[in-house]
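Each of the two complexes below includes chain A, the first together with chain B, the second together with chain C.
For the complex of A and B:
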């Protein structure tokens, strides 16, 4: 038990150092980095503006007001940016396989997944997180009546943490596919970018089967959307009880565990087939 | 911790077969191959038996696709063997891959493990944490490597700006900072100039002598093997063709060496001419034959048991004036071809079987 804990601490400190190497590489080109972050900020801001285009014409969307959809979109944007930032190593895993660098990773005495995850850290993702944060504040301005409680604050943290975990787990699933073929990396993008888009709107606009998939198969709605409903005081999808939102970290943990098992299976397959 | 024995690497009938999907021709064939792949099995390594003692320096040579890197991957635990047993430094490489990783160092000549955009020193410092090396031990090793490999002249330069030779020195240091007992080197001198090669070889001999590091080297360059390894193995088509001392290997399997002589133009004119207007040297000693060469050169191929090289030079020099002489050694591909053509090792194997 104690060795397990010290193992985790030393892994975390190593992760920090490996990320540090990536940061040092990127700050060598400061102007480049600043332009990158700012461009990404603008692009994500434009994506987000669709919400206001819609509400320019219509008053409500299935009972949701502009401030509520704006808050949902902001939380999703921030969460997705966080996942993109910490998942950039997984996102670029196909490069590692293509260049034959996974052998080197297996030749080191520390965990393979940790090395892959820390192999890249794309700081321009900060642009999306900044956009999410600013729009969150703006949405609060549009929702003067929103009453905050401790449970709601906790739920905000749950939503961001669970949502980011599930997005990262989707990236891990995409990375794992690279053990079989590097030609299908777009498959994960359907779930990441597509999932982000789907999550940005009230779930009830989609049909029930589609809702169920995002609630129980790839539980982005369970992990991210339900906590946001809770803090907005909106009814939960498919008539689920409001308290179910407290289970969002559990849904995230389960999905991440499945992705991890699949990853281990992929590593074993690599070791018998040689990539 | 595994018990210390005198054996570093031991394999018993180590084999690896890959199942590879065959692609059917055409668009529909390609689609069918995805749903219903036609598999064929390719044998990369077959019944390999290796025994390497601690402190040995051993060369593993063979042409491309011979199974060298598959073997190394199984010895490091990166690949699971299809069958057979393997023990490295007391570990089962596949089951105890991460534990074994702390005891071995690996250098790929064509791929660096250093962080490309950062100064060399950053990588060397980070490796301490990747390998959990105690701080004092790491500092000691780093100081030692800096001195032995003269790293200081470029240690603050980003790796991408280093010359190939400098980068290789950096990679060697990186592979040795955690005190590995065993060092795998894959083509460590590929692409290097003569001076850089000599320097790397000198360093490898030194760490083998002073630190007792066992070195397993794969290479195309027979000179590497002759400079470093008392013993070598030749593999081809996944099988071991030869395992034994390096001295005498060229005499045994190398076939002929070639003497290339630059003839003084005045004397060249006096020589009789044969086909394609080649100058002919007459009355060659037994075991020496003339092979085609560019004028004003004359090339003589000879086996080592025919006569010593200097005697052939003297014999030739007594007849015509020579400007210069050089020798060409047979390369590895020649040797392997020779081994096949003469079925040399198969005969030996049969003898061994009948004796055993």
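For the complex of A and C:
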């Protein structure tokens, strides 16, 4: 037990050091980094503008007004950017498998997951987070009647943390799939890019089966959407009680645990292609 | 001249090889198909919900809109394939040198490759994705064979425009080392102005006026609007003129930049 905990602590400090190294390299190329971040900012902005184009034609979306959808979209975008920032190493895991580098990773006396996760840390993701933050402020401007309480603020933190955790866990599942085949890496895109798109709109848009899947199987809606409903004062999906939104971190932790167990299983089962 | 026919033969073989290469990645393509259908379903749900508030907009009712969404989703991989960095990667690895020294035109070589994979994507993405939309949302088939024929003809122009465009945003890698950001930018701009996020007819007047004049309009919106019966008659002649001009301009631009880049490689003494 004690060795387990000290193991985690030493892993974390190593993680910090490896990420720090990547940050220092990327900061060396200042112009390049600035262009990269700015490009991602523009790109995500363009994606986001679609909300306003829709609302230019249609006045409401099942009773949601433009400010509410804009706020939801901003929180989802920020959260996704946060997950991408920490999960890029997992996202490019298929490359590690393809090049046979995972064998080398397994030989080192440090946790494999930590090495994979710290393999890449892309600061350009800050572009998306900046966009999310600015649009959050803009959405607040569109929602002058929104009344803030301590519980709502807490819920916002819960939503972002749980949502980012679940997105990273999805990336981990996608990486784990690479132990069996590197041909289906796009499947994880359904839950990452697809999940982001699904979350960007009120859940009541989708049919019930779809809603249940995103609430209870891949609990992105539980972790991210329900907290946003709580702070907007909108009813929870499928008639769930409002207080259920406080359970969002639990849903995220459970899903992350399942993803981790699956990853461990994959590692144990892994056999290098190189024989 | 026998040499010339020999060239056509070569380009044909390049296209054929590229078509067959796609056939090998069976699982990759199947998952790609599932992803496309998933996104089509999400956009459809959002549209159905939006149309609860009103029955039609800009001359589109819900069924027209769903057909538009599914056909655009079905054409994406034919016209503006996501994550296309094939040319950029050869520039970065240096393999481009061997392609440049092939006894053929560099641009038409890549063009033929892309025609081969576009044909693959038409057969194994466009058709099944639209069928998926018919099955999941009952969108049916619009019009008759005349509009399908017209749509098919304009799709040829659209696909050629798409090839010129992706060639352009990839060849930047000759000058910029980390061109990935440019690729993302090129793709998102194309996605936006081709009507993949929102049908061009739904855009506010000022934005639509600009968009209709861009080459992106010819890539997917024109073939799709002909297919759904929104574009017909004399307007087609005008669209043909506008997009044919763009096609010539983009192709010349792509070939011109390729020539400059080729000289640069020689100067660097590869």
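The rule is short, and it goes like this: the second predicted complex is superposed on the first by the 263 of 275 C-alpha atoms of A that agree within 3 Å, B and C clash if a C-alpha of one lies under 4 Å from a C-alpha of the other, contacts with A are read in each partner's own complex, and residues count from 1 in each chain.
Note that in this section contacts are C-beta pairs under 8 Å (C-beta built on N, C-alpha and C of every residue); 3 or more make two chains touch, one makes a residue touch a chain.
The shown structure was predicted, so the numbers you read here are calculated from the model rather than taken from an experiment.
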Quiz item: Does the chain A-based superposition show chain B and chain C clashing or fitting?
Solution: fit
Quiz item: Between chain B (first) and chain C (second), which does A:187 come into contact with in this model arrangement: first, second, both, or neither?
Solution: second
Practice problem: Could you look at A:123 and tell me whether it touches chain B, chain C, both or neither (first, second, both, neither)? | Solution: neither
Exercise. Could you say whether A:17 touches chain B, chain C, both of them, or neither, answering first, second, both or neither?
Key: first
Quiz item: Touching A:146, do we find chain B (first), chain C (second), both, or neither?
Solution: neither
Self-check item: Partner with the higher number of touched chain A residues, chain C or chain B
Solution: C
Quiz item: Counting only touches as set out at the top, which of chain B and chain C does A:238 meet: first, second, both, neither?
Solution: neither
Quiz item: So, A:108: does it touch chain B (first), chain C (second), both, or neither?
Solution: first
Quiz item: First (chain B), second (chain C), both or neither: which does A:213 touch?
Solution: neither
Quiz prompt | Minimum C-alpha spacing, chains overlaid - chain B and chain C, in Å | solution = 8
Self-check item: Contact set on chain A toward chain C in their complex
Solution: 32, 35-36, 39-40, 42-43, 46-47, 50, 53-54, 56-62, 124, 181, 183-187, 189-190, 194, 197-198, 201-202, 204-207, 210
Quiz item: Given the complex with chain B, which residues does chain A contribute to the contact?
Solution: 10, 13-14, 17-18, 21, 24-25, 28, 99-101, 103-104, 106-111, 271-274
Quiz item: Contact residues on chain B for chain A in the complex?
Solution: 18-19, 70, 73, 76-80, 94, 97-99, 101-102, 104, 106, 108, 111, 113, 115, 117-118, 122, 126, 129-132
Quiz item: Which chain C residues qualify as touching chain A in the complex?
Solution: 25, 27-28, 31-32, 34-35, 38-39, 42, 45-46, 48-54, 57-58, 178, 181-182, 184-185, 188-189, 192, 197-198, 202-204, 207
